[in-house]
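The structures come next, written out as structure tokens.
Look for chain A in each of the two complexes below; its partner is chain B in the first and chain C in the second.
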Partner chain A sequence: MNSSVEKMRASRKELARYDYKPASIERGYSGKTLYINISDQTIKSKDVTDQMKDIFIGGKGFGLWYLWNAVQPETKWNDPENEIVISSGPVGGITQYPGSGKSLVVTLSPLTNSVMDSNVGGFFGPYLKFSGWDALEIQGKAEKDIVILIDGDKGTVTIEEIDFQPGASHLISEQLTEMLAENEKDKMHISVVSSGSGAEHTNVGILNFSFYDLRRKAARMKQAGRGGTGTVFRDKKIAALAVKYSSLTGRSNNPADPAKISKTGVKITREINKFDNEQFRMRQIGTANLMTPMNDYDLLPVHNFKYGSHPDAVKISSDVLRDRFTQNMPDGCWIGCSLSCCKAVDNFELKSGPFKGEKVIVDGPEYENAAGLGSNCGIFDPDYVIEANFYCDTYGLDTISTGTMIAFTMECYENNIINKEITGGLELNFGNAAAAMELIHQMGRGEGFGLIVGQGVRRMKQIFAEEYGADPSFLQDIGMENKGLEYSQYQAKESLAQQGGYAMTNKGPQHDEAWLIFMDMVNNQLPSFEKKAEALHYFPMFRTWFGLQGLCKLPWNDIVPEGNAQTDSPEKIPEHVQNYVDLFNAVTGKNIDKEEMIRQSERVYNFQRIFNLRLGFGTREHDAAPYRALGPVTVEEYESRAERYDKQLEEDVGINPAGLSIEEKIKAMRKYREERYETLLNVVYKRRGWTENGIPRPEFVRELGIDFPEVMEVINKYI
Partner chain B sequence: MKIVGVNEELCTLCGACETTCSTFYFKEDNRLKSAIQVHETDQDPGNVISVCNQCGKCIEVCPVEAISRNKKGIVLINKKTCVGCFNCVGVCPTGTMFWHEELVIPFKCIACARCTKECPTEAIFMTDVD
Partner chain C sequence: MIEVNGKAIEWEEGMTVENLLLKMNYTFPKIIIRVNGEIVAKELWGSFEIPDRADVHAHHLIAGG
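Presenting the complex of A and B:
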């Protein structure tokens, strides 16, 4: 054991302790929630009610319900009342089906000031459940840095002070794992949740959930990336959470029908083995397999979402990244995941920052990191992308928001909205990897221009307008945020359905709700507003379901079964939908069908929409999109796709572009596209059972069975 | 190493191997719990004998390192370590990592040779391979 870990062990000071007998798991639930108030160090067990299971299911549903009960309409993200709730879900923790170990984090976000949910891998959620807790609910604020330890083997929960530096998340994971493990094998039984120094200085802090990689002998990390969950965590002065559980078996979740789970799991694992190499190559490249097709289809964000492709994108292509990833490793972020997409670059020597010269494991880059930190900033250097990915993770910065924030500052810099004086000497031109890297280090250190950038695009727009005299309307057009959250890394401009898929989200523009670009733009499967509305009902609901169960979305459609193209609705992957229905029923002993599956999601989705309303958001105005997400803002942007846009003006808008100036064409195009977006909102709201202002209709809320008095009180104010 | 060799042309589908294996390891005569399984196909040769050739592909994918080779080269599952994810079943190139709905973990041939002693036609036998 190294000396720093010995020192940590010697320094452990117990502030509070709770002994318990871990509840046995029955059909996917322990039936208990662990509540901890770190202000007064209360630790207690709460019952999970049947009503919670029926209406909110688990995962994100439980998080939303607990948070609703914890906060008031005026509660802010940094008030002690705000909570961080972590819950997996009833299916979470099974080992037989890929992608079954997710945790959902729910909190009030410093970026949006509203409800945030983030889906993350790692061992924490399943181990938490098997240690006796369906959810962990943390409220209050500590005075000094604390660590919360849950030992499911011994049945203890402790709040402790431990002497270690909480700045670098990869070291926290590694050192706490080492401190808690009795031997090498025992490290597999531990999962740590932590953040880093960047989370203390910015609004885009993440939570890293660790999973021990037996072959690499390292505590690797997956990220709850979106919306500043790590910022809340560090504001509460939580240095880390850790759970230990050492009795995992194929029956730990105690399902009602284990045979059906095994059968379904073996079927898809065989399918992955047979088809993955010829389909998405998830086991070789992970989500970075999208780099090449996105560029080919003009969908890769380039230069702050101005363009959709770039000749240099080949330098960070799918195959370039594949060659950097170590191959033939069981890279699942939960035990038994056969899709195994959690790729890593091994022995990467860092060229900058506090760990310069050290060789590290970099988890990723995934697609979002390579696109956000790379192409969107005009940087086509794989070494930069990998290094930036590492530092974002260990500083606790969301790679998606960080990419979009840096891209925004670069466009502002190139438009002389900000200059070297303001940036502290950083020449933030597109493509300047050194400047971008320094900005990330500044966010990690809490210094210089990094402090401004780290506040997010929405705050930067205000600062640049108020302090540097920038034109607010131009900043609104090019600042890629909605609801305060930065856009994730897909070019939505040419797909109306995806524009709605992003800006109509509950938490802000994250593709986990709806990813319709291919269906809409490439395959033209959604030609009418009605079809787009149907897709923007079905897919957000279907995808919400994963977050209720403790599941990952990827094994749904990143592997496609034989004969799928011949089904009635190939875009839904009907066989896999049935797999999920079977899994839920096999775990819980209930008997849902694919319609009830959507209904389960509708309850939680609408509850979240109403939660937004309760906090002062959630109406139509909050579903507005920056024009950059809808169409070409600038002359060079129009010119880059002039042929396409001219044709649209002529055929769709009914205007002859000949003789018009570029500015006139942009104006005409904008009017057309903004009107179409408003029409889209109308038809989608109607399909979702909402008013024209985006309020869930009272009769629909009653039909869903979420008509609690306090819920009806919120919507009645808007009806 | 010594593994179970097969000569499918000699197999009569009598099932003696299956009975021997499942009875010894699972205390019941149940061919679905046998680590060697025989069945008829409409191809040539008509009868197929499924038994592990000890290739070790399963070792690579086990997330908890429960599968390893012993000194004799035989691939074994550590029952205490296995978490029953069946990744090994999914990747097995010969379909001879078996699973059964009543069992939490998979099972496979460990080249104990018991079945070969009961085969009346010498369709299975112990053989040396590299």
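Presenting the complex of A and C:
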């Protein structure tokens, strides 16, 4: 590597430079944002207004506000006007409370053609803020690959050409970190944002945000995974982005009440130390702890979400993955995180692809990777899951979308909708790990059937119908996407609340708005439509809040304090909600309560809904779900759970299944479930303050204080 | 009959909490069990007998995604 890094250093050519004096951080804000236009190499500072702080708070709030002002209704994701906005938030960057290092990325998505937000760990967001910038806006397109470097120590921003080969994100992260660091310890002060070759050839490109792991002596990566942010990045010809900041302290946010922050952090760290091993084992297994319970409760996606469990799922169970992770390593993705859940597999020898034979660190697998790349494709091989995880990360491919895309093609292949001639010889049966791996490599190389798959499920449905004569209604039923974004990895057929939690989202079926499956399906805490509506209001609003602050949601409920079960609403983890209120007030000096916390999110959430409307989306029809997400599409699906479905027909639908053909039963079940979903839309919209068409009501928008003239102009077209 | 999370389930004489969890296939390691409004501590699951017509809540404490 040293010779590559030396070559990089020697090749550096500065195209533009901006010298600045980093603003002091005051109560969680620098008060400045950085705007860069890479078409004309403009670099300038903008002020953060009080209105921005009051209404949009930070994080994706700032991202949405800047993007709204940058684009027109007809702007497309690959127009120069599209921006990538990256921001931490006012609470982001504290080191005393776990999960405080998140960055939020906002852009127009190549998958949905609408506004996308994605959250990511790693050090970039906090270092950006402490370098003097509450957000970074990048607009325009470069003619040739450029690198943007922000040096918070020296107070410089440069746009440069640097000679290195973009394409493999793990190498870019390593090499740029090496190039920018004075010494080994200095590597901890650097975070690199990059993508890979897969982002150049697909619509599902991710952004990798690095953080240097001193013990492993390696740059590791977390992902802004959803919606093609990396595809936009590479379309703009940004090869990489990096920030350097070396003066981090526990008081870098210059908080109003540092003692309160410390006290709250000590309290939760004690909880984690005491209870994590007997609760979710986040420090041992991370999110992969979900593999076993999801399979046990029939929620693990299997064979393109047809089923919820499989006898072979034990081969990629939580404990199998635990045994592959390297333990006793500090595995937090931000400094001071005591939940420390981003596990890694060290010294994994790759068996395929351009790095075959090399031993690498694999960040993960997280639950989504194991379920999406593994069980959803019928592949129950931990080595495959780990290798596919690695290549998706380094090629810059969203593992969630990739898993759902491959699973879709496998079902199409097994239904003879596509064949070996179309796939270029790949036998895409469920379970064929070699074929799936080759497909990932094709997406990385930009060739073969990978070029079609990489366009996403929505586009594949069109192509397969138009070019291969497939039945479009069958494809619509089994193609697990909503708004153009692929579903994340939970089989939610039996949870009406989660069906809404997926398809009624602003950006598409990502579960960061709501994860209600157990509350609904198992605990039966949401038996009525009204209770489901209340949950589909509260949880999306509550969870949106993390994205305004630069926080990770995991410490909210992936550790549970003593006495929680005795509270009125144990599912809300009230003590931790209060922690977050306290942290916000302690950093900013403000005095919000739990109600205002929700109101903060309501402003941004509704603004995002209206942004969707502005771009031609955002109405009720866009909240429709493919039928596979609601119920059994095929005979084999129905028959696999016949006892359950027959019982439901009898008890819930009032139809005696005896004597009915399987097709009649499927049809009756479908009518019931689709009608239920429509009823859910009605009650949720009402609870959220929206019309029956999903439009935020003008009086509610005024109440929220986001009734800007341009916002009301959008709404009034629909009212 | 008993109710478990609002659903009617066949009751058996001598049914303990442990028996019920097996019957329901509730394998998750962190479940809070309430029988007729009272929490049953985990150490008693093997011996606590659920009465007929009991209202049982098996609250799975799972964070999810």
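In this text, the second predicted complex is superposed on the first by the 718 of 719 C-alpha atoms of A that agree within 3 Å, B and C clash if a C-alpha of one lies under 4 Å from a C-alpha of the other, contacts with A are read in each partner's own complex, and residues count from 1 in each chain.
Definition applied: a residue touches a chain if its C-beta (ideal position, glycine included) is under 8 Å from a C-beta of that chain, and two chains touch if they have at least 3 such contacts.
Computed from a predicted model, the values in this text were never measured in an experiment.
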Touched partner set for A:Y487, first chain B, second chain C, both or neither: neither
Chain B versus chain C as contact partner of A:P330, first or second or both or neither: first
Contacts of A:I272 with chain B and chain C, given as first, second, both or neither: first
First (chain B), second (chain C), both or neither touched by A:T95: first
Partner chain in contact with A:K263 - chain B first, chain C second, else both or neither: first
Touching partner for A:E368 - first (chain B), second (chain C), both, neither: second
Interface residues of chain A shared between complexes with chain B and chain C: none
Contact footprint of chain C on chain A as seen in their complex: 278-280, 287, 290, 292-293, 296-297, 367-368, 488, 490, 511-512, 515, 517-518, 522-525, 527, 554, 557-558, 560, 564-566, 570
Interfacial residue positions of chain A with respect to chain B in the complex: 95-96, 188, 214-215, 248-251, 258-259, 262-263, 265-266, 268-270, 272-273, 328, 330, 332, 335-338, 340
Complex contacts: residues of chain C adjacent to chain A: 5-7, 25-30, 32, 39, 57-65
Chain A-facing residues of chain B, complex: 60-65, 82-87, 89-91, 99, 101-102, 104-105
